[in-house]
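Two complexes are shown next, each including chain A; its partner changes from chain B in the first to chain C in the second.
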Partner chain A sequence: MFDYNFHWRPVLRTLPDLIQAGLTTLEVATLSMVIGILLGLCLALARMNMTGPLKWLAVTWIELARNTPALFQLFFFGFGLGAIGINLTPYTIILAGLSFNCAGYLAENFRGGFQAVPDTQLKAARCLGMNAWQAYTRIVIPQVFRVVYHPITNQMVWAVLMSSLGMLIGFRELSGETQFFASRTFRIFEYFAVTAVLYYVIVKLILAVSRLLAMRLFRY
Partner chain B sequence: MQDSISFFTGFGINDLLFLGEAALKTLWISALSIAIGTLLGTFFGWLLHEGKLVASFTIAPILDVFRSVPLIIQLVLFYNFAPIIGLNFDPFASGVVILTFYTAALVASVARGGIEAVPASMRRASRSLGISYWQDLFYVVLPIGGRAVFPAWIGVVLGVMKDSALVSVLGYVELLKASQVLITRTQEPLLILAIAGAFYFALSYPISRYANKFEQRWSK
Partner chain C sequence: MIQIRDLHKHFGDLHVLKGINLDVNKGEVLSVIGSSGSGKSTLLYCLNNLEQIQQGSVHVDGINVHAKGTDVNKLRQKLGMVFQQWNSFPHLTVLENVSLAPRIVKGKSKGEAIAMAEKQLKHVGLGDKLKHYPNSLSGGQQQRLAIARALAMEPEYMLFDEATSALDPEKVGEVLDTMRLLAEEGMTMICVTHEMGFAKEVSDRVAHFHQGIMEEIGPPEQIFGAPQSEHTRKFLANVR
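Let's turn to the complex of A and B:
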């Protein structure tokens, strides 16, 4: 039927390497999500409660992250910073780029989450004698977390998908590794087909874990 | 006597025009795929709503693949798969095909949400008034459901526009690829990336602001 012979053997032989690279993908995505959540929380709070340069910084960060392509942001951290003498390794570039992007998107989700928690909750907590830190960490943030749990899961999936851009800046995560093997063996279609399956499995795993976690976390 | 030839020339007004032209290409490829993808996606959304069990075993998993595999992998895969089945697509055509299906997959869930946002009682009421099924769909469901999911649709549009940057992997010279070409020639990454970023921002930010305004007006 086809004028093309499929050769799956080289792909199968390097499958362990690909799976190893898949773990790198997961590692980078998870790390950037952790950084992104922390930064996003700060950005959301700065955008809502601060005035002056801090608010301005938060708004600029969020709008830049949301209104330019992720690939552009990666190029910026790679070539842009390289031009002024800051040379990052591919790993740091992808980590910085993904964290920057995730922080921007998550900040808006957090802002929505904070707005969904009534003001009176914070006031009541303060009336009960909690200080601001306690009120936030024990009363407000757990409620916000419930609202933003689903968006965070989505963002985690996006982080995994976005980390595939590492291929273009020479980082050997799943896509980069695939590109490397594909250009060595010229079995481009076969390699990328297997990689697509691996990505699908990773994404489904994340969604399944998130669902299990949700069952455990939101029992009450 | 000049003993060294300069390979790198400065950034001039022509280059700005080159970037502007590339921005138009970005706009063109995204507008085309968003237009076709939205129509296709709305159709899929309708199928998902109507053929509940059948659709959830046939087209739902296929659409899911487009959402769970990185766009860059999809593009490389399709670009290398098309010649195997005897289609000779240039980078632009391959980009449009994949971006269209990608948009359709995202729009399908949005459209389904839109249809489900219309209360069943309202649809029954319109049918009781003697309106046919198709009239009900176009004159009742489309205006009401469309309004409910308009912000979500804008989100998809902006996402696809930014993701169209990835078509550059296939060699289509859109905005980001054009900036890469210029960087190679002028060796001024920071300036050119800033300009390319400004172009993206100028394309995306007004739309997202407009969508926000729209959402606020409707939530009142």
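Let's turn to the complex of A and C:
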């Protein structure tokens, strides 16, 4: 009734390659989060404070990023741009796609964060003679950061998991690498089972680091 | 000294201040009383350029507050402000709350700023709370923290915007005591307040605002003893 023979050896032999690919996954996710945080902050500020084209650009970006499948966004940077002659490398495509998506989600987190800090905080800072830059960087943004900290952690986890879509555009991150070996050895179940464990470990590591950091950062 | 001339302030169609003329001398304690919406808080915000004005002028020590070239950040160092909602910075310790602005605005060294902060915190009775975060303080303590924070900038004037209105009744006294202490030390103060006892006892002059107009101004004995204006009489009859 059940005649599948598990063969773990090929998987174990290529484990170093998988771990290497896991580091690539982590790298792409981290980079796209850094870009996403910077862009997301700009998008949130544009959406809240601007009028005209910049505001609409921000709103459109956020709406598209949040309300269309991440895979389609990735395909846009891959096949969409490819169709009009702009050929990006798989690495650039996944980085662009993830950054685009993260920026959209994070923008809304930031917007919520800014709204959670009462504007009287800004007023009080300005009354002490701080200029706008000082008031924002010393008083407002640190408080916004605390509000968005855990949502950012969630987004980082999501970026790691979402980067597995790289497999579909020929990028050899963890899933792509797994796919590559799986199709060479036909040990499909074994490979994806091990990779699932690797994803789990990566995510748990991120959560642990995030929690440790939070204990150091937020004493109040 | 603060000189206010023919000050008009509109919020859209709402005419909040309708031609205020007022001088506040150095060392004076002026209390501003009046019902909600009479423009008394707005007046304070006009003094340190938190609000723009539509007509008239405000001069603080000869500096035109709303002139184009005025350095408002420099100006605001002269005018300490305490709000109804104390607005302590929740992510900073009590000591950091007070020492931050002297350091980054006035350019004091870390040591100087901390020494100044400690001095002002002791002054308001929070010398034992330096390492605490504001969320572990009571409302009254947070308001005293706000006072210390303003004082650490060594202002020439202190503006109090209903500093005790948001406090639990039993915490009002400690904040009023701190304000009283400042008055005794000769600080120039403008206190928008609903505390008639405080206004009567501490002020050199009391001004009553009614619907954007300064109805009456005079020594507390006059305002509370023999008010000249009908509106002032009515207001005081209602609050007592």
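Just so we're on the same page, the second predicted complex is superposed on the first by the 218 of 220 C-alpha atoms of A that agree within 3 Å, B and C clash if a C-alpha of one lies under 4 Å from a C-alpha of the other, contacts with A are read in each partner's own complex, and residues count from 1 in each chain.
As a working rule, a residue touches a chain if its C-beta (ideal position, glycine included) is under 8 Å from a C-beta of that chain, and two chains touch if they have at least 3 such contacts.
On a predicted model such as this, the values are computed, not experimentally measured, just so you know.
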| query | So if we stack both complexes on chain A, do chain B and chain C clash, or do they fit? | reply | fit
| request: Give one of first, second, both or neither to describe whether A:86 is in contact with chain B, with chain C, with both, or with none. | output: neither
| field | Contacts of A:167 with chain B and chain C, given as first, second, both or neither | value | first
| query | After superposition on the shared chain, which partner residues are touched by A:213: those of chain B (first), chain C (second), both, or neither? | reply | neither
| task | Name the chain, either chain B or chain C, that contacts more residues of chain A. | result | B
| query | Touching A:192, do we find chain B (first), chain C (second), both, or neither? | reply | first
| query | Between chain B (first) and chain C (second), which, if any, makes contact with A:138: first, second, both or neither? | reply | second
| Looking at the overlay, does A:71 come into contact with chain B only (first), chain C only (second), both, or neither? | first
| query | Closest pair of CA atoms, one in chain B and one in chain C, after superposing: how far apart in Å? | reply | 22
| request: Across the two complexes, find the residues of chain A that touch chain B and also touch chain C. | output: none
| task | Sort out for me which residues of chain A touch chain B in the complex. | result | 2-4, 63-64, 66-72, 75-76, 79-80, 82-84, 157, 161-162, 164-165, 167-168, 175, 178, 188-189, 192-193, 195-196, 199-200, 203-204
| task | Give every residue of chain C touching chain A within the complex, in rising order. | result | 48, 50, 73-74, 76-77, 79-81, 83, 85, 87, 89-91, 100-101, 104-106, 133-135, 146, 149-150, 153
| field | Residue ranges of chain B in contact with chain A within the complex | value | 65, 68-74, 76-77, 80-81, 83-86, 158, 162-163, 165-166, 168-169, 176, 179-180, 183, 188-190, 193-194, 196-197, 200-201, 204-205, 208
| note | Interface with chain C, chain A side, in the complex: residues 118, 120-121, 123-131, 134, 138-139, 142-143, 146, 218-220
